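Note that chain A is present in both complexes that follow, paired respectively with chain B and with chain C.
Here is the complex of A and B:
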């Protein structure tokens, strides 16, 4: 066996990342070497996204022939988790393309910078969901997050944007430090740096002999990931960052970090911690209860819509975490929840960026007062997404909450179930208020008619249709998430 | 024959390095929590990353495995990348407000 065979080099498995990098290089060439008009940059980046989607499709082919397998000397893993994560990130890129392109177009001197940062962060997060080894995981996480720090502060004239960027940077780096110190502690105590090796090592030495240091290490790693998904008590950055960043980028930033971190957390729990999960019960329950109650408490009196969505994100993180931490079937329920939540999140931020239509970060609840009068279509889709977040029946939010809570019930976690039910009911207040302001409340200054492009109309219809579709016929998605988890049983 | 006085040498084991790294990490973490100057907070992050590096190197030396030392290279690269982006952000704030204190970051709240 030669060295090259031993390395198991397979370019298909990292092809989505490679195609994103390829797009970035072409974009660099289009700006630095020759100056090109906007529409060429637009088509280059859009075809880059489409190419990435196609490469993800190729990865499915690789999985169907090879099954769960590791490449690049056990650094990169090809398994259903990575497939679902890659698909999710590629679709997030596709669905947020119109909003981030519009915002990037407005900053003329920095259009390419913004696009490059976005594609680089997507490539980093794709590496992160692919990784089996902690080195790869850390590198992917950092490529993704460092690009996002810069993206938050791209609008340098705006003080809010600067502030968001610095806060995101300081707290995000702190989270990365904690994350990597967790890996270091795990390495010190068990001499391992892989996800699979945790399970093997713990089974080998027996649960009672596992040193305390490795438990602290695992908790640090989980805390580092929870920072990225903004679960309380690690949520302090989220509202400020969402509020300060340019509105068109927030949808992408929020969705991609959440998707990647939750997929990695789900794999960490399914692959590494499956047999010792009950050791972390108290920790996870505390985080879930703090997230849902704290998020609901702060969300009730927000006048800034982006802050409201940030706190709603804290609540949803709590929901997703409650499933992930309950056991292997909870992971599948949580993945369902994650996918439907990301569809609604992307939809809401698309609506915001269409309404705001400019670079500024400001988006108050008064910006949408009287929206319904002139913009019926936008208001209806906005209402569908908001009701989806709230969990009204007939939307995907209801089904995902239903599956999650029945799952928790079967695991006999009655305290969590009651807290989650309570938050769901309380949530209707602050999710319905923007709809009330937009559609029912009488105001003087009505939002003027916004000319919708055909692509935006199509995008909003698709996202709203998906929200309704998964609410009526969730079977396909449930089967996908089941398949994802069952491959490891 | 003169009997030599036995010198008690304290052997510096891996534990010492690990304890030092843990202390450095704690100092960095507390600095992040307490200090208000963005540059100092930034240095605290670097300190924490270097504590991680020390942990990796000493553990790698202890086990006689190379992968911990490989990890250190990646951490160094990431730290360098963080320096680039972080300093740019701090400078852009400093230009506007001629202060690097995080106290001035009070526009968004609620």
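Here is the complex of A and C:
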């Protein structure tokens, strides 16, 4: 056996990351050598996205022959979680492309810079969902996050944008500190840095002999990830960052960090913590209850729509976490929830960026008053996304909440079920209010007719149609999420 | 195999063809004149009927083995899918609905001519046919419920078709609201079914009945029965049907006589494998059927509106069908449904022809002596009258006699039921005889010189239906059990009450013929040769009883008034009190308190979001420590 075979070097398994890096290098080359026209940059970056999608497709082929296996001397993993994560990130890139491209086009001097940051962050998160090793995980997370910090402050003329970037950076570094400290603690107490090794080590030395420091290390790692998904009590950055960042980028920033972090959390729980999940019950329950109740309380009085969506994100994180932390079937239900939530989130921020213009940061509820009169299509899709977030029947939001709560019920977590149900009811108030303002309330200053591009129209229709489709016929997606956890039963 | 596949695709066509026609006409409403509209709708109906007939023959060649088509599965657990079935029962209904739809549309082209909403009428009409076929062809309760609701909707549209008349709009509303009560029951029944069987599919449900407690079956049956009562206008939910006569007469003929109102009977036969296990439900059905049959027949004897007599007669005949179901004679119920559809459609269309010729006069006191003016209509109405009265060998005799004999054969308390049903049959013959005599025979001294026979487009359907009313009874006689064979597979595991044998049957038949003849003869004495005017009534002191009977009959025992007094006025006061005390003070008060408290605490929490990074970092550290403490406190964690 040669050394190369021993290392298990396989470029297909990191091909999405590589294709993103390749796009970044071409873009970088374009900027520093000759001045390139906008349309070339656009097509280069769009083909980069398509190439990434194709590479993800190739990874499915690899998985179907090799099954769950590790590559690059146990650094990179190819399993259902990484496949779902890669697919999600690639589709987020595809669906948010129109928003972030238009914003980048507006920041003329820094168009390529913005695109490079976006693709770099995507490549980081791709690496993060692929990694088996905590060090690898940390590197992926940092590549992704640091690009996002810079992206938040890209609109240098705007004070809010600068503030958002700095806040995100400071708090994000704190979270990274906690995260790496957790890894260190785990290594000190058990001398392991692999996801699969935790399980093996605990089985080997017996649950009662596991040092407390290793548990604290795991908690720190989880907290670092919870920060990224903006679960309470680590949610404080989210509203400020969402509000300050250029509207066209927020959809991407919010969706990609959530998708990657939740997929990693799901894998951590199904693979590493599956036999010691009971010990974390109280911890997770506290986080879930704080998230849903705190998010609802904060969201009720918001007049800024971007902050409202940020707090709604806190609530949704609580929901997803409740499933993930309850067991394998809960993980499948939560993945369903995550996917439908990301569709709605991307849709809502697309609508915001269309209405408010790409660069603006504040987005008050008064900005959409009387929207329905001149912009029927935008309002209807906006209403579909909001109702999806609220969990009205016929939308995917209802089905996801339904599946999640029935799963929790079968795990006998009645307290969580009742709290989640209560929050759903409270949620209708602040989810329906923007629709009311946009469509029903009489107002003097109506939003003028917005010319929709064909691509935007197509994008919004596809996202709205998916929201309705998964609400009526959820079977396809349910089967996909079941398949994801099948091998961990 | 090849034939099966073809049939599966084929029998879906007549279901969706009317929908297509309806949609097509709706889109081209402004474009088409009457001629073009008639062309499309008639050809569509004829095509649907032809395909239906072909499917039925193919089914018959296959010994009525059910053909199922599942269009798509919606949810796998609980098993909910959209599917259709073609078996003996739905095959009969398929042929009946498409056939009558064609005949009645032919009549309508003339009756609705020069109406300003001519095209709209056919849009609604075809939509109704589609919904009815959805109802009867469904292979599960869900699709049936869709059809159930859609026939209600299209019936509403057709009743209030002339919505400029306030009475028509009101009648449409009444029908809709009363049907809601029934649908409410139907819906609850469906929920219990889904809870018990975890599926809506008829076959899966009907196969799994053995393991279910009788109380569950009874509650399912009773709730579904409420739906059937509403749709089939049974006591106490019958008062909408006479009012529904405000709609166009041909629509009444199809919807409120031949098809939609029989949906309840159809549904009960469909669930007969469940129904047979519940003694209570059967008893409820037969008792309410009897009450309805007697009450409606009694109400019909002093009505003067040409259509209302027929409406009450429909209610009464539906009562007979319910009696048959209650007695376990499911074949007899379907048989009566079929024969009744023909002769009642004939009577309604005849009434339509009369109304048309009388320039929209509906009071039968102002008619009289029309026989010479309208010979074809008169003779065909005569055939219909004889058929419904149960005079052999016309259609009504065979089916009604079968019902009466089936009730008799059950024995015990059913002898009383039999006697009462016989009374209802007698009343039927009496009021139908009166109806015909008042319209066509008795001279009331009105001038009818401008009345002429209806146009050929109207008389042809009448002749066709007349022929059927005479001969359709032969499909299921004591000598030839045709219908029983058709329904054989559908009612495979059902215990059907069979006819008595030999001399009993002959005696019963003679008695029921006797009841029919007596009714007709009494009607002839009273309204034909007006016997009561030739003898002195005072000598017999009969005046006040007759007046009482007339009064009670025309006011239907004051039931409607009682209903209004109790439900409308009483409920209004009660609900107002409930609204103020319970809803206003208790519920609103507590809800407002919760939302206010939530709002306040939301404002308080919002102040913690200061926007300062140092605060956020403090929160971060603080909560991290709290969560860590919470984790360590957990007794499960090893220390």
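Keep this in mind: the second predicted complex is superposed on the first by the 488 of 489 C-alpha atoms of A that agree within 3 Å, B and C clash if a C-alpha of one lies under 4 Å from a C-alpha of the other, contacts with A are read in each partner's own complex, and residues count from 1 in each chain.
What we mean here is this: a contact is a pair of C-beta atoms (placed from the backbone, for glycine too) under 8 Å apart; a residue touches a chain by one contact, two chains touch by 3 or more.
The structure displayed is predicted, hence computed values, not measured ones.
*Asks:* Identify the partner contact of A:239: answer first if only chain B is touched, second if only chain C is, both if each is, neither if none is.
*Replies:* In the superposed model, A:239 contacts both chain B and chain C.
*Asks:* Taking the superposition on A as described, I'd like to know which of chain B and chain C A:445 touches: first, second, both or neither.
*Replies:* Neither partner.
*Asks:* May I ask you to decide whether A:159 touches chain B, chain C, both, or neither, giving the answer as first, second, both or neither?
*Replies:* first
*Asks:* Touching A:167 in the superposition: chain B (first), chain C (second), both, neither?
*Replies:* Both partners.
*Asks:* After the superposition on A, what does A:181 contact: first (chain B), second (chain C), both or neither?
*Replies:* first
*Asks:* Is A:280 touching anything from chain B or chain C once the two structures are fitted on A? First, second, both or neither.
*Replies:* second
*Asks:* Quick check for you: in the superposed arrangement, does A:475 touch first (chain B), second (chain C), both or neither?
*Replies:* A:475: touches chain C, not chain B.
*Asks:* After lining up the shared chain so the two structures overlap, which partner does A:35 touch, if you call chain B first and chain C second: first, second, both or neither?
*Replies:* Touch partners of A:35: none, neither chain B nor chain C.
*Asks:* Determine, under the contact definition given at the top, whether A:426 touches first (chain B), second (chain C), both, or neither.
*Replies:* second
*Asks:* Same chain A residues contacting chain B and chain C, which ones?
*Replies:* Touching chain B and chain C on chain A: residues 166-167, 170, 174, 239-240.
*Asks:* If we count contacts the way the header does, which residues on chain B are in touch with chain A in the complex?
*Replies:* Where chain B meets chain A, its residues are 18, 21, 25, 28-29, 32, 38, 41-42, 45, 48-49, 51-52, 55-56, 59-60, 63, 65, 67-68, 70-71, 74-75, 78, 81-82, 85-86, 88-90, 92-93, 96, 102, 105, 107-110.
*Asks:* Could you list, by residue number, the parts of chain A that touch chain C in their complex?
*Replies:* 166-167, 170-171, 174-175, 178, 207-210, 212, 215-216, 219, 223, 233-234, 236-237, 239-240, 278-283, 286-287, 294, 297-298, 300-301, 426, 429, 473, 475
*Asks:* Across the complex, what residues on chain A touch chain B?
*Replies:* Touching chain B: residues 134-135, 138-139, 142, 146, 149-150, 153, 156, 159-160, 162-167, 169-170, 173-174, 176-177, 180-181, 183-185, 187-188, 191, 193, 239-240, 243-244, 302-304, 307 of chain A.
*Asks:* Residues of chain C touching chain A in their complex?
*Replies:* My answer: residues 74-76, 595, 598-599, 601-603, 605-606, 609, 611, 613, 615-617, 619-620, 623-624, 627-628, 630-634, 636-639.
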